[in-house]
Amino acid sequence: MEMKNIKKVLIANRGEIAVRIMRSCREMGIHTVAVFSDADRTALHVRYAGEAYHIGAAPSAESYLNIEKIIEVAKLSKSEAIHPGYGFLSENATFSRRCREEGIIFIGPSPEAIEGMGDKITARKTMIAAGVPVVPGTTEKVSTEDEALNIIAEIGLPVMIKASAGGGGKGMRLVKKESDIVSSLRAARSEAKSAFGDDSIYIEKYIESPHHIEFQVLADRFGNTVHLFERECSVQRRHQKVVEETPSPVMTPEVRKIMGDYAVAAAKAVNYEGAGTIEFIMDDNLNFYFLEMNTRLQVEHPITERVVGVDLVKEQIRIADGRALPFRQEDLHQTGHAIECRIYAEDTDNNFMPNPGTITHITEPHGLGIRCDGYVYPGYTIPIYYDPMISKLIVWDKSRQEAISRMKRALYEYKITGVKTSIKFLERIMDAVEFREGRYNTHFIENNLKYLLSDTECDMYCEDLALIATYIEHKEKIEKIEQTISPATVRHGSDWKHYGRRYGSLRL
Amino acid sequence: MELELKVNDRTAKIRELKREGNILTVAVDDKIFEVDLVKVGRRDYSVLYKGKSYNIGVIEGREPKHYSVNTFYFGYDIEVVDAETRYIESREQAGHHHAGSEVRSPMPGKVVKVLVKPGDAVEAGQTVVIVSAMKMESEFKAPKSGVVSEVPVREGDTVDGNQVMVVVD
Amino acid sequence: MEMKNIKKVLIANRGEIAVRIMRSCREMGIHTVAVFSDADRTALHVRYAGEAYHIGAAPSAESYLNIEKIIEVAKLSKSEAIHPGYGFLSENATFSRRCREEGIIFIGPSPEAIEGMGDKITARKTMIAAGVPVVPGTTEKVSTEDEALNIIAEIGLPVMIKASAGGGGKGMRLVKKESDIVSSLRAARSEAKSAFGDDSIYIEKYIESPHHIEFQVLADRFGNTVHLFERECSVQRRHQKVVEETPSPVMTPEVRKIMGDYAVAAAKAVNYEGAGTIEFIMDDNLNFYFLEMNTRLQVEHPITERVVGVDLVKEQIRIADGRALPFRQEDLHQTGHAIECRIYAEDTDNNFMPNPGTITHITEPHGLGIRCDGYVYPGYTIPIYYDPMISKLIVWDKSRQEAISRMKRALYEYKITGVKTSIKFLERIMDAVEFREGRYNTHFIENNLKYLLSDTECDMYCEDLALIATYIEHKEKIEKIEQTISPATVRHGSDWKHYGRRYGSLRL
Amino acid sequence: MELELKVNDRTAKIRELKREGNILTVAVDDKIFEVDLVKVGRRDYSVLYKGKSYNIGVIEGREPKHYSVNTFYFGYDIEVVDAETRYIESREQAGHHHAGSEVRSPMPGKVVKVLVKPGDAVEAGQTVVIVSAMKMESEFKAPKSGVVSEVPVREGDTVDGNQVMVVVD
């Protein structure tokens, strides 16, 4: 099925998502154009693409966020469309608008939809009008302290204070005690001011033991909107998702149906077009509230792809090409269970400090029910400027228990050397009782941190065998140096010095 | 050849006694191991011992004669102890060396703030430099109280892993 | 779900299938035992297993076919069960019987079922008795030439002469012309004699433009037998399957239902237990005939796993553990389309000559809908003693056309250096009109060989850019040698000689 | 540095004219290329030329100064032509060398049958040795008529790729 309008797509992104988008383009016979910063000349997305253009310096603001430069490259390369991926410019209304002005297809929603959902207060109002339940709290931006105090008195503690323009946990404060209200308010506003240049905030009822559950939606320009069921994203660390799964272990068919209908209503309320995600917060009694809409592809979209059997990137491109959705709500079903683990380059034992560096070796998991979406390769140096995510490991199996077993097997096979990764930590998550039993909420990692950071066991011989292997490695290295210095050479004093230098540095 | 290897607090003497093909007889201190050991790929060893199959990755560390060794999920930092190492250690114990008073970057990153200059008095735990890597900023603190003697980095510099950023005397 | 009897499994095989079986064992919490020959100490199955034991010299007859040695290791390692994989001892009735005698669970059918299906003539008789259609031809072994001539006169040309004890194309002759009958008969019998020590043959009607279609079956010991639909295996070269897919592009729902019922009847006729495959031959009018039953797992089982959503190895183990099948026929459905390509280490441009050697580099395909079951790794030397198959690449997508596009994308990503492979050849198959349109039979490769062996195009700059990259590689290698010889050293004549030697061999 | 490289029937002179970072100006015969070239991994080059992205793998061949070079699906055998190569070639042309009269194994395998011995007269196309690899037997034939001068392999030997098995003079 050839596209009518889209023959070449510029991918305004990097890392695994750029490669993932190019894979779907290649399958659709669409040409791909990569853009790259100074730090990314050797990145896989540059190598994978049909064309590649340099767009600026390493810091994102000077490259991947440079709207005009990207549009210039789109025109130069005669790309009909731009896919923004996630992050960077994906939820930037100005970018979507500039594309429209320049006659380039933006593979994503209209600037109006992005703006309508981008501002949290506007989004809340729209949802209330559309009949979608929202967390009790303010419907207007709060700009003064008095106002905030009144509202908190009204909805009652605990509350969450959030930056109106925010995202990613910046400018957020949880208030549990009366005495913390004023200091938290000030801290949130000052953080919001410095992060987003806007100190207006809003206040919401804080949900205890919350589940983060989101619904995937797809909408075409002919008014067809469907949802592709939920994703459970409650395994988080500092508001960063770590593990996601679908179906949610706490979901019931009845609640799923209701939430799905609300998700579709939420998308329709902003005339949404493309792929998007409605995030809900849910308590232990399955009461749920609209949290926000992400007007882009999510990192965790592959679990939905596997369980529903739909390639979300292909659907995004088809919708942008002006086609109608090829399925209706009643055609979509969930089959089996999928889990995603995000592999980060980080030192989990050292406060999860990011760990960029050069990949010396990588063995990726394979076999039935495994998908591994990454972008690093042996010899590649992960730059210090961008996200620490190396890859996403997705597994599928008939049941949740089998999927967990498969994920454990896949993590066991996954070996990355050169940088520290979260693989061991993720394996511990798969073993944690609360996770295995499917009764966890967003406090899971925090509550289980000690268990999750403890070492896995090896048998009594491991250490001695490690010493033996190291002995052999070192011994053969020394022997190799000795061979390099030929008998004819070693007679001279200068060569012994040379030998000494080489032995001292031992880098062959 | 005998080597002394250090792992955690243990220092072990390793010596090859016999080798026939892959079959290796090795003494680790006073314990004798007969293992079937073969190198597979560039950094991996396959070891069979008492029927069990072990995969051991031996990777050169960032410093010479240091190895990062993995068996399954268990990782060891192993160091070769030789004359040079002993010399450095003895110097360190005698107080001739900076070790312990240096602030090093644990990972590559970009120096976003240097808060001290040579000559400044600092207290243990005081933040002296801030490094940004992968969209996260990390603060690095003085390991002891004293006076800053060297600051070999400047704001905006990119640093490698294990690079000295501040020295406190 | 823990197993009742099986806690540890010895895998009496090597290569990708040994690794694939161990993956399922690991997911089930079952310990694994590898066995290896002299040629396989560094093989992945040895590294992947929990335990590994040496069983003999490189030639299969002295290791992987050594029944008593394998049973000895099973007892030594306290394995409750043995999985034979495919090939080697998988269809050896003696091995199945010896396991039974020793109280070891053989993960496969009874010796009686293997024998019943192993002898082609017996199998034909059993099928006729069970009402399953067979290719018109002999029901008794033919031992004299006169007998053979009478039978050929009766069923009419063309006919196929086959060795009664045969397999893999040995002792087979197609006869189209009257004048070739006698010489073909003699050739087939003499080949059968030397290959199997038995010159009895049988004769069948030869089906023009045949499709090779097989049905997967699973049967437990409680009389439950189901089929998991068909696999189309008509892309063959010299009777070796190259590409398989499911569903078959020529199948109709009506014929599928009838053939599935026959497949179940065929398995029941020999009281079959475990996983097996009923092979049929089908003509362009969808007339079909039983060909033979493979009483083991097939190489191509993953396409069924993907489309039906069942892990066949796990089901084999559960059945062997004494459990009932967890599903009935009506629970099983085909979803979407799967294709498998077999990647061989062979020089397709040089008469498909096998190409063992050392893998210097490998990049495997990843992403949505991709499964890659292999066993080689960088630095691994593929031995000369065994099968040239490196891996199997399996893709899934909603429709056949999309699955073909995905396979093309995956083959594009798949890079193996060090040995020659069939990857390029497979990509040409995906582009061939007959394949794309789904109208191909077992003559497809033969009929399209010229097209399939032709080169793919590169643009006008490729050659010059290849020269430039080689120039840089060689230049830097020379510069590296020059650096190695330090200024202090090169003053001496002996070192120039040394330099000359090293430059001459250029192996750094 | 100028190098002569041979690909198929073409011999091209390559010379680097300028290099600034990854940006390389190179003359291939009389054609000038400005490419963005960078080595990624151990054997792979990423080349950007006129906006297009090329991946080129350069792998050392089984003989020195021979490279096996891949761009997408297209493979080239490239040879460095230098004084040594020219010398060998001139010797070959003068008939001093065995090339063309050797039977070499194209792949590793096991010699299952040697059908000739030194001194035997053979005809072009006559099978002289049979090698088995991966369950398949391949027959190798005399490249020309003549007399067998050397048979450096025996039945049961394993041979490497490109190993001389029979020489016909």
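The first chain written gets the first letter, and so on, giving A, B, C and D; residue counts start at 1 in each chain.
Just so we're on the same page, contacts are C-beta pairs under 8 Å (C-beta built on N, C-alpha and C of every residue); 3 or more make two chains touch, one makes a residue touch a chain.
Computed from a predicted structure; not experimentally measured.
Trainee: Is the number of contacting C-beta pairs greater for A-D or for A-B?
Mentor: A-B
Trainee: Could you state the distance in Å from the CA-based centre of subunit A to that of subunit D?
Mentor: Computed value for the inter-centroid distance: 47 Å.
Trainee: Using mean CA coordinates as chain centres, what's the gap between subunit B and subunit D in Å?
Mentor: Subunit B and subunit D have C-alpha centres separated by 44 Å.
Trainee: Need the CA-centroid distance for the pair subunit A / subunit C, whole Å please.
Mentor: Those two chain centres are 38 Å apart.
Trainee: Just curious, how far off is subunit B from subunit A if you go by their C-alpha centres, in Å?
Mentor: 32
Trainee: So which bits of subunit C are touching at least two other chains?
Mentor: 377, 412
Trainee: Please list all residues of subunit D that touch 2 or more other chains.
Mentor: Answer for subunit D, listing residues that touch two or more other chains: 41-42, 44, 52.
Trainee: What are all the touching pairs of chains?
Mentor: Once each pair is checked, the touching ones are A-B, A-C, A-D, B-C, C-D.
Trainee: Which residues of subunit D touch subunit C once you look at their complex with the stated criterion?
Mentor: 1, 3, 5, 7, 10, 12, 14, 16, 24, 26, 28, 31, 33, 35, 37, 39, 41-45, 47, 49-50, 52, 54, 56-60, 64-65, 67-74, 76, 78, 80, 84, 106-110, 132-136, 138, 158, 161
Trainee: Help me check something: in the complex, which residues belonging to subunit C touch subunit A?
Mentor: Of all residues in subunit C, those touching subunit A are 1, 19-20, 23-24, 26-29, 302, 305-306, 309-311, 335-336, 363-364, 366-374, 377, 397-398, 401-402, 405-406, 408-409, 412, 484, 486, 488-489, 492, 494-495, 497-498.
Trainee: Which positions of subunit B touch subunit C when the two form their complex?
Mentor: Spelled out, the residues of subunit B in touch with subunit C are 22, 36, 38, 40-42, 44, 46, 48, 51-53, 55.
Trainee: Give the list of subunit A residues in touch with subunit D in this complex.
Mentor: For subunit A paired with subunit D, touching residues are 34, 41-42, 46-54, 76-77, 377-380.
Trainee: For subunit A, which residues count as touching subunit B in their complex?
Mentor: Residues in contact with subunit B: 345, 347, 350, 353-357, 360-361, 384-388, 412, 415, 417-418, 424, 427, 455-459, 461-475, 478, 504-507.
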